[in-house]
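In what comes next, chain A is part of two complexes: it sits with chain B in the first one and with chain C in the second one.
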Partner chain A sequence: MTAPTATLPKAAPATRPGSRPRRRRVSHRTRLVAWLFMLPLVASNVTVILWPAVQSVYYSFTDWSGVGSGQWIGFDNYTRMLGDEEFKSALYHNLIWTAVSLVVPMTLGLFGAYLLSRVRRYQVLFRLAYFIPYTVATVVSAAVWQTLLSPDNGLGSVFGVNFLGDQDLALGTVAMVNTWAFWGFLVVIFLASMQSVNPALYEAAALDGAGPFRQFVSITLPSIRPTLVFLVVQTIIWSFLAFDFVFILTQGGPAGATDVLSTLLYRNAFANLEAGYASAIGVVMALFTAIVVITYQVLRRVRKWEA
Partner chain B sequence: MSAISALTRPKRLRAPRVAGVSGRRPAGIGGWAVLLILALFAVGPLIIFVFAAFKTQAELVDNPFGPPAKLLWSNFADAWSQAHMGRGLANSAILVTGTVVGTLIIAGLAAYAMARLDLPGGGSVILYLLVSSALPMQMFLVPLFYIWTQTGLYDTKLGLIIIYCATLSPFGTLLLRAFLLTLPRELEEAARIDGAGELRIAARVILPNALPGILTVALITALAAYNEFLFAVTFLQSDAQMPVSTSFFAFQQSYVQNDVLIAAAGLIMLLPMLALFLVLQRRFVEGMANTGMAA
Partner chain C sequence: MNNVPSGLSRRNLLKLSGGTALATFLASCAGGGDAPGGNSGKIVVWSGFASKEAENWFRTNTLEAFNKEHPAVPAELSVKQFDNFEQQQQTALAAGSGPDIVAAAGPGPLREYAAAGYLLPLDDYAKKLGWNDRILGWAMKTGVIDGKLVALPTNYESMQIFYNPATMSQHGWTFPKTRAEFEAICREAKAKGMIPVSAGNADYKNANEWHVSVFLNHIAGPDAVRQALKGEIKFSDPVFVDAMEQARKYFVDGWWGGAVDRYFTNTFPQQYQQLAKGEAVFNITGTWGLGEIGPFFGKEGGNDAEWAWGAVPSLRDGVPEDVWELAVGGTNSINAKSKNPDAAAEWIDFNMSDPKRQGRALAEANEPPPPIAMTEADFPADLDKRVSSLFAAFSSATHVGYTTWTFFPPKTDTYIIEGWEKLITGKLTAQAYCQGIADAFGPELAAGVVPPLPD
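Then we have the complex of A and B:
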């Protein structure tokens, strides 16, 4: 970070010799102070995240409707998921969403960042342009694309297609809107990572006659691997949790064609009065996230991906 | 970074002119063309959206993508009143201010304890923070909703601010902690020897030096709270409480046929954050990059 580490002793008087015992006493007292300082974080975190998360696990074994208390029904919610066509189709849509997100924004992000890393002029300007969509609120991004794709006064009318209303196109369209909103974020992080690659490597490769593409494959990609793997993992997790654009643009429709796990959970919790079942879906989503994160951490340890 | 370029300098001297085709040169016309196309993909839809905000609905049907024949400013006045933008922006201002202040206090205190007070068990706290910031909100949304309705926090801005603070402070803590670790310890050791208390040291010595990190967290938190949708649509129900994101959403749902007014309302919502972002974009972007790298 751009920390001015050199701004040292503004109000620092000279260290006195013989201050050792005093310091130890202070540091003993600071332990208590340290935990006092942690209190707001712990309290807010337990109230909003940890305790409700624990409750989710409990409710997932009940037929809780969202008010009052539910009956313990064991694993019924989980076995119900296995036979639930809506759940299976939502899961399938999440997998498609993941595949799209791993291919399209990743390619755009890597490509954009690599080209940007090779120019000095206007680099900041391009980076800014790419990043702007990421700062736009999802509700506004959704409106931007709804207007742009509109079957009455947009691309939809030009091509004679209803992008968001067609069962075969809707999911891909929503995933593309999501791509537009977040690929610039990938550019920024990839670029930061690429800029710390030793330029001597590129020069050596150029002397050996490697072209830009060859350099990308043999130098850039291996050098930024920790960042690449991290963002792949993040993208998988985000894809699995996707909610905003689906909820805003299609509400899971038409006819369930864009339903994902998050919208299914939301509908069960707040419209169908199936809060127990919704909790079970939430637990499954959290388990999936945990598996991805643990796999990532294990791989990182085993293969020593630390940069 | 400067160390790296210093290391490579002798190498450049050794191979002076062969480097005309060297590694760090841009990929020529093709490269620039791709960069431009990507920029168009990023910004083009927004520009068309801006155009739409200045047209009549009939003009939008005839000319969906081009610039408007003349600027119809009245769209903004209509959108402002019909979408209740004034009320939404005022609510958003309260939510953002509360969230930023709350998150900075929570994250600042915690980061200080972790980076400077040798918090006992600090390592496991970091692990917990990483886990809890990776925990999907789907995991705690439903019981949280129930708790909030039981405690009267549902449909209040305070309730939403608490949720935002709790969900944003793990990231803020990790970022501020990383920042504090770059500050030299001698700063507060000296004050401590002079008998200053921990709060005093934190406020008088660390705080002024940590301002760049604090500003980064404040900006990212503000953007997140202003743009947030899922919690807002779930935990605020009455019109009087709605921030600009959900009141814009409600407007969008009710006026499906009026794209020009939706565009105008969208621009009104976009402008405050876009202005902030453009002014402080370096800090934004670098902050984001650092967050991404941190985990």
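Then we have the complex of A and C:
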């Protein structure tokens, strides 16, 4: 079987001689130019993200004060973290924050978007109204809520409670304020996703007697699953980075009741001058995020969510 | 679309891109255009301002005045965010950049800065410019690290009580001099539904340490604090445990802020308003309060109330009545990388000289004066007598106390602030809180990072 092949005349080249190397050259050149155009961006990302991140990992193994240089202390910062009650408490608060963020704003966002998708008139107006809190500066939102919740002349005086001063209520209150600022964003994203669902599916379901709730569960949710999963992942990541509302509204108080990992990190870096330990906390936060992202990517592949 | 434009060869494009990337990298590393001495022929001063008025006053009366006197090497102001000024500066210093004048909110970070080689020793300038003769000895000492002068204090502070004289006379009270008198008023005021001491940390969590400093110096006493800071006794000793237990009770009884939970949500304006309206009897704060309290009283505050000040009384038998806490509210140093250190020293000197200008700064911009010898004549005639008398009172103090933000090392100080909230909310006992202070302080004392004490 090999002889005939061997004796067959060589097929005429598809293109004239020398064209293939040239095509490879063009391709190589295209890639090179593309990379060259990207180089400034890549360089700036390496400079302000990758390099500081690598440095943070390094510093997490040192006793660096944030000033000058630090001594290599191995895993001391990490072992210290295991016994640090403030770290455990902050991590616990982050988990509560995550749970609240996954339930309250997500539910509100989903139902808000679903209801909005049914509205034909003034939809843009509603969308704008929901989205506005997300665009307001955190400092402004926090100041407004501080006044609204005041135990002297705000909601606190009406209900006879001090929302931000009570250890048992403070974390939930700050998370609620965050929800207020955040859920409108979810509404807009979910709405955009819902608008891409084939209307024929709803019409068919309606003919089969499915009510709005049934349609939501059986058509809307499966259809927007990639968006939903993506936002769940993002919410978890954002929850571990929660800082601004906590820092402005309660500064981690009362008595550490609203301390989260990022406020603990900030305090260690800039008040305690323990930037090495703060870096270790930052690395652990990044690890939590990495676990979430990897889990998401694995599930995406295994379950073929975006197929 | 993949063509390199004619006239721009691949080699040149590569150079261009590489150059751009390198420029981006270097620009990022340099941290902006404020590199010390990078602008030869001038010095760069960073400053954050609480208000536009304060900035304008500074520009006219300090910056322009200095530049007029020193035209050869003028100063250039770079305004930074007030709230995170030190963090920005710390980052810039770590990147080998930053201003010629390194400013700090107190002596706390000086040791780290000095150890990292960020600060130029100032001993020669002190001799040359006569700082040792002009600056108060105790204040000068706060800038000495390992025997070298690395910073000069820019201002000094203390703690006092504000009160509304009309409220006092309405209830038949006179300003307390002893613990018994103070507690009697607090008890009676609480029973009447008033707030004995308006207090809160909603605007500034570190306000916790103002109160702890008062309790340490007026209950435990300045001698005990001094001994503990020198390592002769421990912060877990009974004198401190008893002091913190007494203080805890003040909070739990609702004497401070009205209730423990209210302490966490009371803002500074609220506290002054409570005083002006007669809802609160006292307000314990620092001398910086002189610049804050005015707008809440009299015509500006829409009332006919007046404020007055009094010294914090002794809150335990055996503690002197006239203890004034000492605090340094800011320091100035010279960046070791400054290319104009002589001009930088002149800038520091300028801000520590001319007592009349310093007196005017206090009168017109509420800028606390630097720790230099000042007489009554140095303050302008139109300066509120309450202000000048307060500074005169603690300038001539016979017993000085030690504020946590000036004389305590950083980790101990942070613990004091954080742990305090746990003490007043019942998460820690006074014994546990004091043990925590002792545990934080021990290693820092051993590491030699406790700021120097005045003689």
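In this text, the second predicted complex is superposed on the first by the 273 of 307 C-alpha atoms of A that agree within 3 Å, B and C clash if a C-alpha of one lies under 4 Å from a C-alpha of the other, contacts with A are read in each partner's own complex, and residues count from 1 in each chain.
By definition in this document, a contact is a pair of C-beta atoms (placed from the backbone, for glycine too) under 8 Å apart; a residue touches a chain by one contact, two chains touch by 3 or more.
The structure displayed is predicted, hence computed values, not measured ones.
After superposition onto chain A, the modelled positions of chain B and chain C overlap sterically.
When both complexes are overlaid on chain A, the residue A:243 reaches chain B alone and has no touch with chain C. For chain A, the partner that touches more of its residues is B, with chain B and chain C as the two candidates.
Looking at the shared chain after the overlay, A:254 reaches chain C, while chain B stays out of its contact range. When the two complexes are overlaid on their common chain A, residue A:48 makes contact with chain B and with chain C alike.
Using the contact criterion defined above for the overlaid structures, shared-chain residue A:65 touches chain C, although it does not reach chain B. Within the superposed three-chain model, A:93 lies out of touch with both chain B and chain C [touch as defined at top]. When the shared chain is aligned, chain C comes close enough to touch A:166, but chain B does not. Of the two partner chains placed by the overlay, chain B and chain C both lie in contact with A:150. Once the two complexes are laid over each other on the shared chain, residue contacts for A:273 go to chain C alone; chain B is not touched. Overlaid on A, the two complexes show chain B and chain C touching the same residues of chain A, namely 26, 30, 33-34, 37, 39-40, 44, 47-48, 66-67, 146, 150, 152, 270.
Remark: chain A residues 1-5, 7-13, 15-16, 19, 22-23, 26-27, 30-31, 33-35, 37-41, 44-45, 47-53, 55-56, 59, 66-67, 108, 111-112, 115-116, 118-119, 124, 126-140, 142-148, 150, 152-155, 157-158, 180, 184-185, 188-189, 191-193, 195-196, 198-207, 212, 215, 227, 230-231, 237, 241, 243-244, 247-248, 261-262, 265, 269-270, 275, 278-279, 281-283, 285-286, 289, 293 touch chain B in the complex. If you check the complex, the residues on chain B that touch chain A are 1, 4-5, 7-8, 11-12, 15, 18-19, 21-27, 31-32, 34-35, 38-39, 41-43, 45-46, 48-49, 52, 57, 60-61, 64-65, 105-107, 109-110, 112-114, 117-120, 125, 131-132, 134-147, 162-163, 165-167, 169-170, 173, 178-179, 182-184, 186-187, 189-194, 198, 204-205, 208-209, 212-213, 216, 223, 226-227, 229-230, 233-234, 245-246, 248-249, 252, 257, 259, 262-263, 266, 269-270, 273-274, 277-278, 281-282, 284-286, 288-290, 292-293, 295.
Residue ranges of chain A in contact with chain C, taken from their complex: 26, 29-30, 32-34, 36-37, 39-40, 42-44, 47-48, 65-69, 86, 146, 150-152, 156, 162, 164-167, 170, 250-256, 267, 270-274. On the chain C side of its complex with chain A, the touching residues are 2, 4, 10, 13-14, 17-18, 20-22, 24-25, 28-29, 86-87, 90, 93-94, 109, 112-113, 115-118, 201-202, 205, 260-265, 270, 410-411, 413-414, 417-418, 421-422, 424-425, 427.
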